[in-house]
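One chain, subunit A, appears in both complexes that follow, with subunit B as partner in the first and subunit C in the second.
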Partner chain A sequence: MLRVQGFPNRLGVRGWVGGGRWGMERYLYTLHRLTGLGLLAYFLLHIVVTASRALGEGAWARAMDTVSGGVFKVGEYLVFAAFAFHAANGIRLVLVELGFGVGRPIEPVYPYKTSLDAQRSLAIGALAAGAALAILGAVELLVLR
Partner chain B sequence: MMRDQKLWSWHVAAGIVILLLLGLHMTIMHLDATLKFTSLNPAGGEPIDWANVAARGKMLFFPITYVLLLSAALFHGLYGLRNILFELDPGAGLKSAISVILIVSGLGLLVLGTWSAVASFDLAR
Partner chain C sequence: MSDATAKEILYRIRRFEPTRDRAPRWQAFTIPRVPGMTVLDGLWTIKQTQDASLAWRSSCRMGICGSCGMLINGRARLACNTQVSEIDAAVIVVAPLPNFDIIRDLVPDLSPMFDAHAALMPYLIRDDAREQERPTGEFSQSPQELERYLQFSYCIKCGCCMAACPTYATDPVYSGPMPLAQAQRYNADGRDGGFLRRRAVLGGERGPWRCHFAGECSRVCPKGVDPAKAIQLMKRDLVWDYIRLRKEQCPAAVMSKPKAGTRRPDIPEPPPRTV
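Let's turn to the complex of A and B:
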């Protein structure tokens, strides 16, 4: 029976920061994790705060007053920007996981090419889509409101 | 190991559900003025104004999709956190403790969020 064996993580958290020769995609991986952790922290609080709507208008108004003001407005935008990046990069990761955009298998002939070369345009596209969404959010959350 | 492969597939599937439903949520709550998507904020003003919250709460579509989004996002987020923590090579006992804590807190939040969606639907009607 095929047994898949994991490798020990000798670098620990430090391994997240240094991309080494892995290039841009390695830093997208780090940013995907950081935004994921930030979104999870926000989401868990969001569930608790928005549960107040079940208690009626007064409880809802008190909860919304607690999370209003300049700091929360900036925080709300940071959450939106994290969502924009995490969503766009997540689409890229799903596409790569399913084998799209990774290039065709080729003979290992010098000068060597890697699958990452083929994936680069997908990474740039994901970053551009995330940035466009983040700018749209900035217009709405920081300018129009 | 096979169990982890299945959980990873569910993690990806949950991500796709989140992409659709959270995309809709963000459009209604945070991009309504820019995208002129105001039909689900019928009272005007801010999407978080009580009149708009109550108006959306009356529609059966919202409690159903809230619970679906809540389930998908809790699984996706907590399973992602579990993977990150497991990569730091905790011992077997600590791994079990992490899994239990994440499952119990996830189920607790799922119950709270589901109660809130159902109760606010009843309240709005």
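Let's turn to the complex of A and C:
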């Protein structure tokens, strides 16, 4: 086969963001990745902070002092909200990726109905569950505590 | 919305001439607006009246051959299947399909897609090669069995889904929606016995596991193939297979012809054979 050297045109991370015309599942996909990376960053920070205990009680107390300020409280809540979304959307993805809720193959008749339409209620349910969890977390972390 | 009463329409086209340009550039063309014109018609008008060097691929002009996939106002679609009047903007912006190298102007290099397609063995795999070469009859298939793959068989290999997929945008190892949907088209075909051979590719890093159902492939597919659905059904099959719950498919046998019978008097004899 004839091979030519073309001009590279792969979108890279720009392809995650897309334009303003993409559908809901595209945004959920991007948000799922971003919250996943956020949770990973939190875990790394968490390891660093708890590791300070190995340096003695004083170091531990200083570390706890540093992370107990108002900014960290809001940051902690954002981590929880990211967890709430990631968990709820993750359950939707597990179901969908096991073929549940996407419907059976059908004869394509225009205007096409796709698996996205078939699983839309699942996506809305997952968002609602994530939002409910995030609101409960806000009450617990930011109001009651 | 583009103004349907306007006499002219503006095209902005991403150009790239490898022997001259170091990077793609934009060029504008104003052409007469004709009722019922497609984006492809506009490209032809530009080529015939303003710049004969403009390059793209097209053939059938009716959404059948899959040659004219382009990025039109930010969305991957077929130029021949897109009316200028349905574009919600005053300017028609045309660029080559992203995620593929640009050979020239609007011509993408689709060979990575076809390589991935070929690697997934998109044909019936059976032990009885002789029967396939010299058929003695038809392989049996019920209408219900046909429905399990028919939707996926409408693919015209235009590559629009590959250009829209955010996973393929960052990951050249991923086979992408078109090849995977075609692998599922054959895996789901009752006449096929090639699941285990395709599994060798599908179970690895080129398989469906990098897809996380962003669904763009299904949203842009001009033929309603719904590759996202095919990929999720494929994942289910692979998981069922992994936990040993997948029912092995025996490739459908050749249907036996009716042996004896009396012809109904109201059915005429067939015409004599000509070859």
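Note that the second predicted complex is superposed on the first by the 123 of 145 C-alpha atoms of A that agree within 3 Å, B and C clash if a C-alpha of one lies under 4 Å from a C-alpha of the other, contacts with A are read in each partner's own complex, and residues count from 1 in each chain.
To be clear about the criterion, a residue touches a chain if its C-beta (ideal position, glycine included) is under 8 Å from a C-beta of that chain, and two chains touch if they have at least 3 such contacts.
Please read these numbers as outputs of a predicted model, since none were measured by experiment.
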Partner chain in contact with A:97 - subunit B first, subunit C second, else both or neither: both
Touching partner for A:12 - first (subunit B), second (subunit C), both, neither: both
Partner chain in contact with A:29 - subunit B first, subunit C second, else both or neither: second
Subunit B versus subunit C as contact partner of A:107, first or second or both or neither: second
Partner chain in contact with A:116 - subunit B first, subunit C second, else both or neither: second
Contacts of A:78 with subunit B and subunit C, given as first, second, both or neither: neither
First (subunit B), second (subunit C), both or neither touched by A:37: first
Touched partner set for A:127, first subunit B, second subunit C, both or neither: neither
Contacts of A:136 with subunit B and subunit C, given as first, second, both or neither: first
Subunit B/subunit C common contact set on subunit A: 3-4, 8-9, 12-13, 97
Partner subunit A, residues of subunit B touching it in the complex: 1, 12, 15-16, 19, 22-23, 26, 30-34, 46, 48, 50, 53-54, 57, 70, 73, 77-78, 80-81, 84, 87-89, 109, 112-113, 115-117, 119-120, 123
Parts of subunit A lying in touch with subunit C, wherever the complex brings them together: 1, 3-16, 18-19, 21-23, 25-26, 28-30, 32, 93, 96-99, 102-110, 112, 114-116, 118
Complex contact set, residues of subunit C against subunit A: 16, 18, 23-24, 74-75, 96, 98-103, 108-109, 111, 147-152, 154, 165-166, 168-170, 172, 188, 211-216, 218-219, 221, 223-226, 228-230, 232-233, 235-236, 239
Touching residues on subunit A, where the partner in the complex is subunit B: 3-4, 8-9, 12-13, 33, 36-37, 39-40, 43-44, 47-48, 50-51, 53-54, 56-57, 60-61, 64, 76, 80, 83, 87, 90-91, 94, 97, 136-137, 139-141, 144-145
